[in-house]
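Here subunit A shows up in two complexes: once beside subunit B, once beside subunit C.
The block that comes next holds the complex of A and B.
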């Protein structure tokens, strides 16, 4: 409105470029501030020592932080924990999410309300429900122990969050509860786009339901499966709130994820330089994995930027 | 159309319809229980008296109920402030995100723009970034500008983390709108800005609501930035305040108030889901699949 339009010889295309540029600019500016700067800054800061030893002043350190990271057992353990958590939770969520999507894709009375209930866990705040899950797995008064005791499966209460393996199991259970709905929403959308005629024709050819499932459902659902896995992988790999609230990374670092380690390196040990190098390595690992996934999607004929 | 989809029937095979129905009903019940049980347990805990909470074997349905744990949240702790902070930050960042993201989405969907596909690719990739990658750099920005314990330190990051989704969803919406509308408007002498505000905006409202609900949910639920940038007690958001109820100097863990806090923190979202389930599903699938 107020911007002066260059009237004279500027071509129509240039005018359109200019309009488009003005419309996009604010969004780009905010994304540069919140995404590009912090990540770029982490790359630079990772070449400096900036911690209590240097009185929080940046001192150039070359690749020293990366050398330290290479020999840092705690980092490798957190990476291992993150991998276990990610692989287990994403695999279970995919299986369970597919089963739920198949159920919700059928017509039955009350489907609307069941679909509403099925999306609910996804919408609730993770940190808040992590408090709830810690209570559910409480060693003294937790409902999980109570139910298992009533069923006669265990005789004494288990200290779920105090045992390294069981703490990881508890986190995975809570994460599966929280994010399976996301997977089933994505997969359900895929199922709904598959034509019923395909199944009818296949059944007329004498195929069993299971054969239809493997011959029609799975191949046609593959794009949605991969997209769901891609999103879940990234979220799971960076999981912070659930773990911070439920276990804080304990006991004895057995559930410390990369994000938790980064957070305490920066906020507790005030080691900004080393924290930056941890961020850079996590970033590169994520980009590598996402790159592979996008490449896989392209080979399946799904262009995610289409 | 019963049983047109062939899944899950394999085991039942040729057995009577009745059995299939019963098995299917049990599956539905399991699904509902799986989704609701953790929340129901919080609710039951929140209305029990302390003696009934801290006892084994557990008491599932107590003989007396109490709202005292809720009362404690609001009388002994600034829970109204937490709720107010969460509402303020979520609403403002949602409005800002829609205001900034919608024009960008329109430009990407409709106008010639160099580097468009690179921009889309980048948007998709950054929507996958965990917030932990951003928090160190943001911490520096926040302290450089002196906006720690200031709503801006959450509103701007929340706007940014929701922009990729907003742009992708709104773009797919604009792509579905018939171009004729705008062409006709252009013939009538409307400029781009007039087309946007007078013709497209009214049509866009449903899509804006869809996107806005999602951005509100993401902003309301965010934890890491709120934990890091808002350290003053009265400025905390609900997730952080709830997570920290457990902490610190008390000798006894306040199980009752904690359960009550989880219910208070989830009620706004339960309402959103009840009212807008369809829109949430629409937005999620448009953002993830078509994006």
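The block that comes next holds the complex of A and C.
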């Protein structure tokens, strides 16, 4: 009887594993199909030349595509544009989102309505709001120019989307407007999980509100800040719709993002092989950036996996 | 040594207005003993007002001769132990204990000295590098206590510090608390709804009911001379017998026995409240006692509960008219009585408490 016990137990464990395997299998199959296959396919495709020159037939090209990529100024410029856009928009969104979250975390009359209104921009389709922002920054009929002229700050309308620097600024403004609510909602959830007692205990110890903010709010909010930054970083780096609608990457490629360049390469120039190598390099760079960020934060004592 | 005084504090809580009337606390080890009845914030409101986390709508908070009513919490030099302990989850025990001193910009050497000495005192030194999440409930409680102690404040505020501990641990920590605070020179305001904590720890107890101060006295006086019927029924376990008796002239009727009211007690009302603790009733037999010193009553036991050291019996007193039945509870030695027995009880006259039947106030001095 006692000798049989472990055997019965091991067969029970085996059965559990079998059931678990059956239940998990569909999810694994879908993940492989949706993630692993496209990634692997892109990587293989990037080793071939497949364009109008080869009459769209795949011809093995080794690392030729990658060699071409290193000398491709347009790619590096789009990568630079994307980095500027990402760093600026994520930084501003984080600061602004934190400020809004702190305000919404206070109790005041009409807080429920304000919270709902604050989330609205995020609920709009990006393409729709991009059309709106393109009009807002329009050089002849735009609201921004009209307001600045009425206030007497400028005399002639500024061609916002026609100037390389101003076009980038316009894009960042539009992106900040749209995605700050996302950041503030995540941070608000984090703020609400911090006990009020901690602030009261800290205040009794003689802490000023600023000291409480740096010593309690920021460290305890770090997991939510990291989630918000990682999400926003990934989304911002792959930005497509906003730019495509507002500037189309112009003027003169000054706002061309990596995603737009890849889209052009594949869909307009029909250069599939080179497009795939662009995707692979961007993919690896993204992983590298996220890895470095996580490593750096670990060194600072922040555990992202928590 | 600092003193703490609350003058005519009035603070409206979310629904009813809760005035905490004149609580002069001058002395050195005090306790608020509060009974939370309606909104649950009466006791905390008082403590939070002292701490400066809430502002009173009226009245003053004085520490020593300093009026701190509108002083920010950090400038009052108070230390509070929160019911939730309010430990900073992202800091080690050491950092938690040192946080208050760092904010006060003490030299690093002194901070570590103070943390070390308080850690040794509370047996926390092996835990100094752990996070609060790695500690047991009792250990967290000690960290919260350490954080308050090393501040060396003018007044300690303790908000139900033992309520999150299990019963066994609570008794142990209660004893430790008493020893720790016996060494401190600052007054302690301790809020609890546990009467044992109030009686064992305090030199003075304030009983609050419905936001009003019922009695401010030493534990001994609170027990032996309760100021009104509420305090009488609230303090002491098993609960005091509280009987409403008819009275005629200057005597009250208890079962078949007529009890002469003590001198100086007015009897305008038709009824009066009599209080008597179960432990003050003594078993006897008819004619066994001096009726000058004790009231002798008899009755039938209908319930007996074994409390361990003794037996709590409930008996129905013999009556002239059965519709006016009176029950009395008494503590007797285990094994002496069983249900259905006829019993004679001696009620010492000097242990009888007389209260006004309407207002509930004590009427014998």
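The rule is simple: the second predicted complex is superposed on the first by the 282 of 306 C-alpha atoms of A that agree within 3 Å, B and C clash if a C-alpha of one lies under 4 Å from a C-alpha of the other, contacts with A are read in each partner's own complex, and residues count from 1 in each chain.
By our rule, a contact is a pair of C-beta atoms (placed from the backbone, for glycine too) under 8 Å apart; a residue touches a chain by one contact, two chains touch by 3 or more.
Keep in mind it's a predicted model, so treat the numbers as computed, not measured.
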{"item": "Superposed partners subunit B and subunit C on subunit A - clash or fit", "value": "fit"}
{"item": "Touched partner set for A:203, first subunit B, second subunit C, both or neither", "value": "both"}
{"item": "Of subunit B and subunit C, the chain that contacts the larger number of subunit A residues", "value": "B"}
{"item": "Least C-alpha distance (whole Å) that remains between subunit C and subunit B when both complexes are overlaid", "value": "8"}
{"item": "Residues on subunit A lying within both footprints (that of subunit B and that of subunit C)", "value": "200, 203, 208"}
{"item": "Residues of subunit A that touch subunit B when the two form their complex", "value": "1, 13, 16-17, 19-21, 23-24, 26-28, 30-31, 33-35, 37-42, 45, 100, 102-103, 105-108, 112, 114-121, 123-136, 138, 140-141, 143, 146, 149-150, 157, 177, 181-182, 185-186, 188-191, 196, 199-200, 203, 208-210, 212-213, 217, 223-224, 227-228, 230-231, 234-235, 237-241, 244-245, 258-259, 262-263, 266-267, 272, 275-276, 279, 282-283, 286-287, 290, 304-305"}
{"item": "Interfacial residue positions of subunit C with respect to subunit A in the complex", "value": "51-53, 72-76, 78-80, 82, 84, 86, 88-90, 99-100, 103-104, 147, 151"}
{"item": "Subunit B - residues contacting subunit A, complex", "value": "1-10, 24, 27-28, 31-32, 34-36, 38-39, 41-42, 45, 53-58, 100-101, 103-104, 106-108, 111-114, 117, 119-121, 124-126, 128-141, 156-157, 159-161, 163, 167, 192-193, 217, 220-221, 223-224, 227-228, 238-240, 242-243, 245-246, 255, 258-259, 261-262, 265-266, 269-270, 272-274, 277, 280-281, 284-285, 288-289, 291"}
{"item": "Residues of subunit A defined as touching subunit C within the complex", "value": "195, 197-198, 200-208, 211, 215-216, 219-220"}
